[in-house]
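As structure tokens, the structure follows; a few thoughts come after it.
By letter and in written order, the chains are A, B, C and D; residue numbering begins at 1 in each of them.
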Amino acid sequence: MTVGNSTPTSAAFLSTLKRDLLIAYRRKNDVVNPFMFFFIVVSLFPIAISPDADKLGEIAAGVLWIAALLAGMLSMDSLFRADYEDGSLEQLLLSPHPLYFMVLAKNISHWLVSGLPVVLVSPVLAYMLNLPAESYMTLFLTLLLGTPVLSLLGSIGVALTVGLGSRGLILAVITLPMNVPVLITGTLAVQQTLNGATLAFYLAILGAMLLASIALAPLASAAALRISVN
Amino acid sequence: MLNAIQFSSFSEFLNMGGYAFNVWSVYGLFTIFLGANLLVPMFKKKQILKDLKRRRVVNKNARPEINE
Amino acid sequence: MWLWFSKLGSPKWFYELSGRWLPWLVAAMFAFLFVGVVWALLFVPQDYQQGLTNRIFYVHVPVASISLAFFPLMAIAGTITLVWKMKLADIVVKTAAPLGAWFTAFALASGSIWGIDTWGTWWIWDGRLTSLLFQFFLLIGVVSLRSALEDSDAAAKACALLSIVGCINVVVIKYSVDWWNTLHQPGTDFVLSSNKANGPDIWVPLVLMIGAVYLFFAVSMIMSTRNEILERERRSQWVEELVDNL
Amino acid sequence: MLSAANLFCERDDRVLFQGLNFDIEEGQVLQIVGSNGSGKTTLMRILCGLNDGYKGMISWYGEEISEQIENFYQSLLYIGHRVGVNKVLTPIENLRWGCSLQAQLEDEQLMEALSTVGLRGFEESQCFTLSAGQQQRVSLAKLLVSPAKLWVLDEPFTTLDLRAVQHLENLVAAHADAGGAVMITTHHDLKITNLSKLDLG
């Protein structure tokens, strides 16, 4: 028997993070699709509503937020799915490290792959939707703080439904209502800062939400995974 | 006590001061809401007991040696 | 204390005890309902602003306020399910979710019917209605998760967890929706009564109706819980004896 | 090292086993036999803590398992029906992650393990290009490098060819000789000394 040194949790965390990023790199569709989905959904709004710049500017922030939320949710499906099917999830549950950190690593990798590109491209789309220029920074920063919260919350729903053969829309029914507080804060930030409110206040609220969900959501996801693998 | 009634006639009562639709539809929905959540479990219980009874009889007939 | 607690978890014990209580609860419920409804419809003086639509409050307010209790109830029962694996707690989670959806749906319907004349429209994105709407969605989520998971043990734990998460979420949603609402359209929340000074004629029937709806809630929960117990325990000896004695 | 006392498990109103007692000691290979659906896999998952639908007590070196789950997982290697090999990763990447949860190993060790299980030349090709048997071998390579004392192997022979079966059997025997313990389900006749059997009927 070759006995190596036992792994510190930080190394297992990094190893899991690296593995998931590598898988995402290999499965480029998983990276490109949410991004394209976001782009396409946003582009449909001017067609469905009106190309009128004033009207678009008014709804731009909400449209971008909802599109980001939907893109994140649709890509959530791949978070635990493949691991559940090939048995890697069992190996993860049987690791001698707190499952909290393993789930957090997977969440972070998922957000880096599907959330961050959406956040980065949002100013471009905001320009196309004629969002007032002084709101670009607000939108960008709130999305930057808000989309990880959406990922973390969504991961609970994914973990609960990973064992289901045909899930249909149940994931959406479970997770979409949970996103209301983030959506409210994000869109209010854009509207209210235009009216002269301070951005720091909204960023503080989103930051608090992010910290709370980093602390709690992976715990719930971990518990949900144990239930689903049962 | 009867003179504390707010309506002088039955038709006035039905009319609800012009809000007949609002008031009576809410009370109608209330009745449906209560009725459904009381009657459905009641019928379900009857159904379950009937089902269990039938199964019990079938089991008894199928394996008489166990029950003797 | 511990003995009492584990006894409470025993389905057989609950079935027998609730069987004795149920007739009294049903009788009390109908008594409260009758007096409350008659009083509310016939005797309550009309509101000087809202006229006779104030009758709607006497059913809307009890149902809406009790509907807020469902997620906390389910979260507590869910915690008990996860920590102590108590069977009865899971049955409570299971039966509360659809009943909670009914309560919320009725509160939404009666609230929006009340609004037809006051707001001039069936629906406005009022703070209370909006957060009730999302509570409704979350309850439907719990119900559909239950029906999607076939394995009853996994379903029990999954729904327990979702109830706890949902409960936290409902509270956050409530506060954020209130905040959102005050920034967008201040002052449209409906108030119970603008002439509170009017005394017992206004609030006694309301208290009666709250009591009646609480009793209804208890009766309906107990009935569904008993059904669920019968189905889950159908192989146990006491249910077989009960069926034999029919 | 691992002992189960008075285990009871029922699934869908059917009792899989009750009053089940057994111990696994160092140097022992325990083969679990039983017909299809007798609960072999369920028993293994229960012992590993993947399934908690049981009553009874499972202890690890005399102490209840839930009290020292991290200790236990540090010494456990479980290979189930689904072997835990991701299809888009290469064997070496899979092995690197799988092992990294328990021990820090050098890449040379992992490469050596892969060539021992007959995957020389396949280290860098993505797993979906490999056959089922080859994917199984990736998971078996873990046996060579893992520090775990207890192996729990659920039907590890199903997709393996004759030579690989022989090789795995030798590995199991060697692990027991070195003071490890193995729990295994298979319908295959194992030619291993100090083999004991647990029949679930």
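Keep in mind that, in the parts below, contacts are C-beta pairs under 8 Å (C-beta built on N, C-alpha and C of every residue); 3 or more make two chains touch, one makes a residue touch a chain.
Worth saying up front: this structure is predicted, and the values here are computed from it rather than measured.
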From the Cα centroids, identify the chain that ends up most central relative to all protein Cα atoms.
A
B-C versus A-C: which has more C-beta pairs touching?
B-C
Rounded to a whole Å, what is the gap between the Cα centroids of chain A and chain B?
45
Compute the distance, rounded to whole Å, between the mean C-alpha positions of chain A and chain C.
33
With centres defined as the mean C-alpha position, give me the chain C-chain D separation in Å.
49
Could you put a whole-Å number on the gap between the CA centroids of chain B and chain C?
17
Would you please write down the residue numbers of chain A that are in contact with two or more other chains?
230
Multi-chain contact residues (two or more partners), chain C
153
Considering chain D alone, which of its residues make contact with at least two other chains?
53
List of chain C residues in touch with chain A within their complex
82, 134, 137-138, 140-141, 144-145, 148-149, 151, 153-154, 157-158, 161-162, 164-166, 168-169, 172-173, 175-177, 179-180, 183
Note: in the complex, chain C contacts chain B through residues 33, 37, 41-46, 51-53, 55-56, 59-60, 63, 99, 102, 106, 109-110, 113-114, 116-117, 216, 219-220, 223-224, 226-227, 230-231, 234, 239-240, 243-244, 246
Mind listing the chain A positions that touch chain C in their complex?
156, 160-161, 163-164, 167, 170, 173-174, 176-178, 180-181, 184-185, 188, 192, 216, 220, 223-224, 227-228, 230
For the chain D and chain A complex, residues of the former touching the latter:
48-53, 70-71, 73-74, 76, 78, 80-89, 93, 96-106, 109, 126, 144-145, 147, 175, 178, 180
Residue set of chain A touching chain D in the complex reads 1-7, 11-12, 15-16, 18-19, 22-23, 26-27, 82-83, 85-88, 90-97, 229-230
